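Okay, here's the structure, questions in a sec.
Going in written order, the chains are labelled A, B, C and D, and every chain counts its residues from 1.
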Amino acid sequence: MSSSDIFLGETIGTAVLILLGGGVCAAVTLKSSKARGAGWLAITFGWGFAVMTAVYMTASLSGAHLNPAVTVGIAIKDGDWSNVPVYLAGQMLGAMIGATLVWVAYYGQFRAHLTDPETLGEEPIEGPGPVLGVFSTGPEIRNTWQNLATEIIGTVVLVLAVLTQGLNDSGKGLGVIGALITAFVVVSIGLSLGGPTGYAINPARDLGPRIVHALLPLPNKGGSDWSYAWIPVAGPLIGGAIAAGIYTIAFA
Amino acid sequence: MSSSDIFLGETIGTAVLILLGGGVCAAVTLKSSKARGAGWLAITFGWGFAVMTAVYMTASLSGAHLNPAVTVGIAIKDGDWSNVPVYLAGQMLGAMIGATLVWVAYYGQFRAHLTDPETLGEEPIEGPGPVLGVFSTGPEIRNTWQNLATEIIGTVVLVLAVLTQGLNDSGKGLGVIGALITAFVVVSIGLSLGGPTGYAINPARDLGPRIVHALLPLPNKGGSDWSYAWIPVAGPLIGGAIAAGIYTIAFA
Amino acid sequence: MSSSDIFLGETIGTAVLILLGGGVCAAVTLKSSKARGAGWLAITFGWGFAVMTAVYMTASLSGAHLNPAVTVGIAIKDGDWSNVPVYLAGQMLGAMIGATLVWVAYYGQFRAHLTDPETLGEEPIEGPGPVLGVFSTGPEIRNTWQNLATEIIGTVVLVLAVLTQGLNDSGKGLGVIGALITAFVVVSIGLSLGGPTGYAINPARDLGPRIVHALLPLPNKGGSDWSYAWIPVAGPLIGGAIAAGIYTIAFA
Amino acid sequence: MSSSDIFLGETIGTAVLILLGGGVCAAVTLKSSKARGAGWLAITFGWGFAVMTAVYMTASLSGAHLNPAVTVGIAIKDGDWSNVPVYLAGQMLGAMIGATLVWVAYYGQFRAHLTDPETLGEEPIEGPGPVLGVFSTGPEIRNTWQNLATEIIGTVVLVLAVLTQGLNDSGKGLGVIGALITAFVVVSIGLSLGGPTGYAINPARDLGPRIVHALLPLPNKGGSDWSYAWIPVAGPLIGGAIAAGIYTIAFA
């Protein structure tokens, strides 16, 4: 794969991932959305199928990592870090494009939600902003070590599933069925390990949209919760490295 | 593929698509339906599996576009417009047949819903009619540019997923697995981008049933909201063209 | 396939189908079930995966029709009725075994439900019995022609999807992926066309368990609604024949 | 397969299975979890995708039994018990590791739930503990024979589906699609047969976490319900043996 294909694939793929993933959070959260209150199953299937769509679309260009934790896990496994910067750059750019597209698609819903005293009254303005959850993750209970541990555990499952894929999939990597399996692995992590922190399990998925949240001209948006922002970056990177270690010891 | 196979395939396929897609809207909406109130997940899985069923059934006849936006996207990509009129004719005819079959299957439910003061009282009679949502889409917040943008964005995701399918699927186009992946892409778009406008993402899916709504002898049916009708036609067509452009630049 | 394999396959397969399909109705309906009130999505996915499990298990023995409407549709398509009686016998026997196993698995729940004045008070005792819905289907609005039409339409979709399967599936008939696709076709029909009558779309699925309901020693079980019983038999058989006709005209 | 690969595969696989399966119970049950109250569909899909993820990950190492009932069923079918002790040891160790990881991931949620008088007041402290359901199963109605029968019936379906897999799957055993089919079989059993006892259908899944529940330093955790513990061990083992018998008679 050429560097330009990798960059293009990761940018397009991560943009689609965050457009659809952030989109389902907007759909379920915001006032005047037809999906308002559709619940946790909608969120988890929404993110799972977002991964499937994005992976399926861009696997032929870049292998569809779409996640720095996956990129780091594969780099450790293969001992090859040469393309890592290109992957990370595409992922961060794509995540920011995706989050911006969510804002475009839900423009009126954001305005309605953030200017209505009733919906605003449901949420605290100070600290994490009222619609920050559409962009980035946050914990239900703030506890640095637990939050970090939960993100690490979730990412180990994700990256180990990606790394072991070649062992079953006739060595063809992320093909059609691989995209489907990966989607349901992500649904599984969401259903089972998403309760405490909202399962970032992807540094670009969390950091890119948080930057966009800080930049967008949203009324009453509140803070971007930067004090928490390092956990959904560090946790998934540590998790990806641990998964590569488990893979090397048990599966290689 | 012969013109008659294309016409037959698109007519049958789009009829099945709209029968099942409109059907789930009727099932979840109408009084005296066992599925009443089953929620947004039911709607989105219902439409997704409607696409799967219709695509799977008719892929061998016409390639199963079932959507003018897909037809236009493929025509731009291939530079071949020769069969486009046959595809569009089959899609429009099929959509109208499908919407009529929904009326047959839910005949008593439509009557019960539209003659009961209680269910009718939940909805405004003037403007968009009380059961128009079973046939066609409508926005939660009326804003021409946002509504158009949301339909464009959703359709770009759909058509780009269809166009890139050949790249992963061993070049065989819409086979068995392709039907499944496409189904979940449609579920994804519904969950993530359906909140503002109800995700037409298909001109035939919206216009055909709207015509049927205008023609059917339903009591108290109210207006067919023709002032909005151009958006779910124009948005998806623009989206299909943009997807073909992205495909040509990034994937070809 | 030998007659004994066909009989064995259809008996086991239909028993598993009705055990799991009737099971989800019991799970969602009966007092003291952990799944009580899980809703229409649970019902439709439950029946869909019941079909998948049963088809997948027995496809190698009998081709896994598990439904007289499928058997009749295939017989018309192939012009071969020689094995039809064996298929039907296995399907009816299997359906009755399956319904009996539901009663065993939910023995205490049936007792609790049918002896508690509160749950019994929710439902009419005269006419269709309070737990008849765990065994057989019934309409929300009694209207012979609509009820028949809805069952016909649903079954046309099902049988046409089964008949066209060979066209996409490399001619291998009901293989692994076929079981999955068929499952989601059944979920689709349930979500979209199940609202008016509860989608029998299978004469054995409805008649076999209705006979078991009439025979089982359940307290306060009420009537078995025999006046409706012919519709979920006749409708699916007509639907299967129409599907075979459409297949012959459009796909063969 | 070498003994060490089997042990490693079963340990890792069952740990992932119980981490994700116990995780979804924690997510839906515990106070301060984002998924609290997500319902029975979330539970059943959560366990299904837990099986898929674990099977997919470890099929190349050990064949991914992850369940003593599967191991016993296969041993009876093949008449080869030589590796059974290694399988069982890995499964029990893995289940205990998985349950401990659930405790780590939901550490704060367990504390919050078990120290809040309101959530504690919803549940009985004496007898089965208030969070025991996150670890192990328990019946809604205590009835030894029904509870045992329900577990046997559920496990027959599971193990028969596993044993017949090779018949459709080109003899390749638990490949990629096999993992997906098995996942949905487990969802099906959960939806349809989980109502009375919570569908252990796997002795290691129930006994391993119950031991961990007894050992973990959880405040106000109550008893581990040891009087019931033999049923979700004996029932699935009997079910696995019956499935092997049916397989030998009908399918071999």
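In this text, a residue touches a chain if its C-beta (ideal position, glycine included) is under 8 Å from a C-beta of that chain, and two chains touch if they have at least 3 such contacts.
Predicted, not measured: the structure shown is a model, and the values here were computed from it.
Peer 1: Between chain B and chain A, is it the same set of residue numbers doing the touching on each side, over half shared, or a different set?
Peer 2: Both copies, chain A as well as chain B, present different residues to each other, with under half of the numbers appearing on both sides.
Peer 1: Could you say what rotation angle superposes chain A on its sequence twin chain D, using C-alpha positions and rounding to the nearest 5°?
Peer 2: A turn of 90 degrees brings the C-alpha atoms of chain A onto chain D.
Peer 1: Measuring centre to centre with CA averages, how many angstrom lie between chain B and chain C?
Peer 2: Going by mean C-alpha positions, chain B sits 29 Å from chain C.
Peer 1: So the centre of each chain is just the mean of its C-alpha atoms; given that, what is the distance between chain B and chain D in Å?
Peer 2: Chain B and chain D have C-alpha centres separated by 40 Å.
Peer 1: For chain A, write out the residues touching at least two other chains, lowest number first.
Peer 2: Within chain A, residues 39, 41, 177, 180 contact more than one other chain.
Peer 1: Determine the shape of the graph in which chains are vertices and touching pairs are edges (line, ring, star, complete, other).
Peer 2: Graph shape here is a ring: one loop, exactly two partners per chain.
Peer 1: Which of the residues in chain C come into contact with chain D in the complex?
Peer 2: 8, 12, 16, 19-24, 26-27, 30, 32-36, 38-39, 41-42, 45-46, 49-50, 52-53, 56-61, 101, 104-109, 112, 175-177, 179-180, 183
Peer 1: Can you check the complex and tell me which residues of chain C touch chain B?
Peer 2: Going by the criterion above, the answer is residues 39-41, 44, 140-141, 143, 146, 149-150, 153-154, 157, 160-161, 164-165, 167-169, 177-178, 180-181, 184-185, 187-189, 191-196, 198, 246, 250-251.
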